[in-house]
């Protein structure tokens, strides 16, 4: 907005806000303290870790992209449709968050596994099986991160002043064009928040992935799975992998979100 | 807003939106199909399940409330502060999402456990140990769900028209009063979304809880822990517990969110 | 055939709305009325943002809204463009892109779009701020962008909701001129009497969700339904060709102006600015002409006198003056008006 | 001592701003200027929403903004209330609660708050919609709520940014009256000449982020710096006690009115409505009085004549008339104005 | 599916390191290509029951294998082999801060054990009953790993974990009675697998395979 004196943070807000920040920060300080930094570079250099990093980035990014394509329309419908059914749908959308990921992965197997009521048909008709493939890992990650994205979009659209869309339509823009040329740009902040949330959630996804997509180096073994395996055998290695995840996501989030928000 | 013809959903939006809905819905249909409904009531009647239900609701609700108290100020600070450090803090806030919950739980132990650099002091000075207590479970749940809440708030505040706050201040309202009397009511939609997300996330929390707070019936054994143990030993029982979680959360979400949104 | 015909009902919250009127092709209709009367609601109905609950709305030959027949043409398919009272300039597009927006929707060639945008920017004095985003504009600048965008859209029927309310007087006076000369069918909501009379070929008075009066400015101003309307309309408007200090009124007669003009002009002056005399007056009023009293409408203490000489006009005088001058229907007398009382605006040219 | 004194600079985007002026306790200052001139920016500086980059702003004895001294009093601690151009009525509070908002901030007793809110609702004709939420209000109703809220706040210095721009003429005319009589120090931005002259005890003309003229309406209107200002100010304003058709002007003289009044009134008429005669005229103008020419300012084709009789006024006539009447400084002549040209509004009473 | 591996092996997470080495040795010896999937035993079982396309499955307990058998996913023409065994040990954090020298010392101290529903838990509870001690753990964990984490970090004073899960961050308290309570690691061929799968099982049971398992702390089955 306009130039102004830097906002002064009122004391109560500063105190509680700092406390919140500490709650988040302190565990990571704990993690950093316990990190055997000496072995950091050698673990980072391992080819299995390298491949897990690139697989993780791929899965998280593709999954965030799918969230965008599928979640944007769904968020719009949930925000705009006034039918009573929407209340139920709105609650259902959140279910993948409520169920622990391992259980979510099991549900995915029940539906999309080779014996699942949808997976069966996929296999019969198209010869597609999803478990144990990168596609499966992406589906698992998308399943758990879609709710965040949809809710972020729904919220932003709910808060939108309808004047702009009404004007656009009166100026001759069809509902679809209005959606892309007015609604989407105006909910930009919410969209970025949704993308960030779903990307971050997908990056950290473990339970549903291991259950639905299994653990296969190079295809489904993302960093969280690598971390899990390490937890079983070599906790120090696990800590290093955790630090790697943290550093990567900090890097990505600072660069991209900083840029997006900065452009505003 | 104003009365109008029910919004027509443009076809491409309807198609993609339906697809998104299916991606979320289908696994739950799979789950429902496999549920041994015959044993549903008997499992629901078990005292351990009952106590897990009430503990889960307690932990999720208290944790959502803490998110509100801590996350609201933090979201405000992140949205309003223009310092360069904010870019880093904004990324850090998301870290609990990025790290798989088990790793997050380990980090919590490193910091707040009996030997953790903060936990040690808590133990020495106040005789407080957090692991194996309900407080510990609440902390674990809050740790993993705070990012959603903070991001929802930050986004809403970013989108807020500053005219209202500026007017409030010019009308004699201090920054703190303005925050509570103008900012908070105006970001109501985002606030509710944030509460919903963090409540749902806390309800489904498993990894960080088991790692940090352990599994102690009546104190830390929430539904996801009950479900996980069942998954290891008796999958049918696990499916029933999953259904219980789904039904409870649908009930809560439909009732509360429906009411909140309806009031608008 | 009328350009637009509405005879229907709707409701806004708990306010019932009921309108019945029509607009001819190319006609300029001005909607006036108190705050909350239902002016904006009327435009929303026409644009398709507020559906009818009863009755019919047709645009040209086409029925566009009729609940009985289950017809409802959505806003983007109607040949109307509604400029909302808030302007609704898109916050994510700069000034030039806002203006280009409606043209983009019509699949106009990009070259033509560029040209049209350029012209519009020029016309509305927005060239300097063409690349600025809306949040960096002043209130009046925003209003100009909104209006420029509506004009650039060039629809068959233009619906404007108080477009000049925060525009400065100089700009709003040429904008009014511009709108007056627009050949598009225009429905304009206004709180400004001068604007209403300059632009309005017909006036629609709305109150309480209903139309309480409709007619030409002359009709409405000589027989206003209530004091609010009477107060609103207190102007005479003429068109003329000016050369030097003289303006030749279309249809006959001429008036002396305070400044030199050499073009087609619009002339306006308050009805109350006309003085009536029984003998030729001598003084600063430069314009004196002979008239016959054609109508007399008394409203308690003031009287609206319809006078006809080389051209028609309405004079407002007190009952006392009327008695003193002993005016009756058919009385011949002198009308006078000072050159400075005459407001002149060029016709056709802008800025 | 002045109520407010500003001598400083700031910047909005790339527009440099520089203002220097002061306002006396209880004075009413009207800020006029073209769109984008920097009127809103000026109010934002005064309210503390836009800090100075140079110079000093003091309110009463207190320096409230001075970058050199590193003083900056935040908005809520200043005895000012700024009504933004957008109104900014809180969307989550109903009409009554919006109006109560500033009173709540002052820890007024809730009984007193209730009473003040009740009065304000009544005065601004908002009682019927007191429980409605802003999104169910019309544009003009919103403006009324915004103004009602600012008035209820009752600050030491009231800053209003085009408060009546979407309010209907009847309401805006009594609102102007109300503001005129307000004893609070008032700084008002307006595009409406009548409003500016009714309310403004002094006029500040802003252009391009600077003050290009300041002075009393009389000063500014007799010697406008440019044609924009000249066009803007074309009114005489007087106060009087009316009884029946006669208004006794404060300070001497009287004018005949078109309607009966029996109270203290404000009287306004366009400068161009005054006709000057060398001999007593006979006709519908009910008001004729003898005057002496005191000032003469020619602006090409029109002349502003400062006349003094029982009261002072400005007449605008053409150069041609001037030559014809052979007016010079000191010439005695007759001034005439029709009763209908005189705009009368009651002083003090409302609605 | 169209992947080119000859043997797809699923192994419980606790076996993953040992099996990685075994598969490498197997590939070296036979020239066949293998791929290894690991997850918790229960997860693997669910995956198999839901039709996962695997040839061999090696689990950390027999109960879970029973689920697969019940679902008729195991090739009936081949026996389910027990290829390794494991037993519990009592561990304390480094330095043994609670000075625990015997199982009886854990009474009144903070302990962590596996939940009775999972194999390591049923062993723990069976042992406690055998010793006549009532377990009153601070936490009943769903798996060995989380018991270990709690002991390592000193959240509890002692815990019962598998011998193979002991790390350098723990102290082991020698309790001979524990060695008799073992858990068995079964391996089986899944329906539809070809003979190479049997070959892999044979390799695991061979001297070379057993040597690798031994290096990771697993004991040979029925050794005692």
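For reference, chains read A, B, C, D and E in written order, and residue numbers begin at 1 within each chain.
Going forward, contacts are C-beta pairs under 8 Å (C-beta built on N, C-alpha and C of every residue); 3 or more make two chains touch, one makes a residue touch a chain.
Everything numeric here is computed off the predicted structure, so don't read it as measured data.
Undergrad: What pair of chains has the most C-beta pairs in contact?
TA: Per chain pair, the contact count peaks at A-B.
Undergrad: For the copies subunit C and subunit D, give the interface type as same if over half of its residue numbers appear on both sides, and as different if under half do.
TA: same
Undergrad: If you average the CA coordinates per chain, which chain's centre is most distant from that of subunit C?
TA: It is E whose centre lies farthest from that of subunit C.
Undergrad: For subunit A versus subunit D, what separation do you get between their C-alpha means, in angstrom?
TA: Whole-Å distance between the two chain centres: 57.
Undergrad: Could you tell me the distance, in whole angstrom, between the mean C-alpha positions of subunit C and subunit D?
TA: Subunit C and subunit D have C-alpha centres separated by 26 Å.
Undergrad: Two or more other chains touching the same residue: where does that happen in subunit E?
TA: 43, 46, 149
Undergrad: Two-or-more-chain contact residues of subunit C, please, as numbers and ranges.
TA: 13, 49, 74, 86
Undergrad: Show the residues in subunit A shared as contacts by 2 or more other chains, in ascending order.
TA: 1, 8, 102, 106, 109-110, 116, 174-175, 228, 231
Undergrad: Could you list, by residue number, the parts of subunit D that touch subunit B in their complex?
TA: Against subunit B, subunit D makes touches at 47-49, 74-76, 78, 80-84, 86, 88, 90-93, 101-102, 104-106, 135, 149-150, 153, 155, 159.
Undergrad: How about subunit B: which of its residues touch subunit E in the complex?
TA: Touch residues, subunit B against subunit E: 106, 109-110, 113-116, 131-132, 210-211, 214-217, 220, 225, 228-235.
Undergrad: So in the complex, which bits of subunit B are touching subunit A?
TA: 1, 6-17, 19-21, 23-31, 33-34, 69-74, 76-77, 80-82, 87-104, 106-112, 116-118, 139, 142-143, 146-148, 150-152, 154-156, 158-159, 162, 174-176, 179, 189-190, 193, 196-197, 200-201, 203-207, 224, 227-228, 231, 235, 238-239, 242, 245-246, 249-250, 253-254, 257-258, 261, 264
Undergrad: Can you check the complex and tell me which residues of subunit E touch subunit A?
TA: These residues of subunit E touch subunit A: 1, 13-14, 16-17, 35-39, 43, 46-47, 49-53, 145, 149, 152, 165, 167, 169.
Undergrad: Within their complex, state which residues of subunit B touch subunit D.
TA: Per the touch definition, subunit B meets subunit D at residues 1, 163-164, 166-175, 177-178, 181-182, 185-186, 188.
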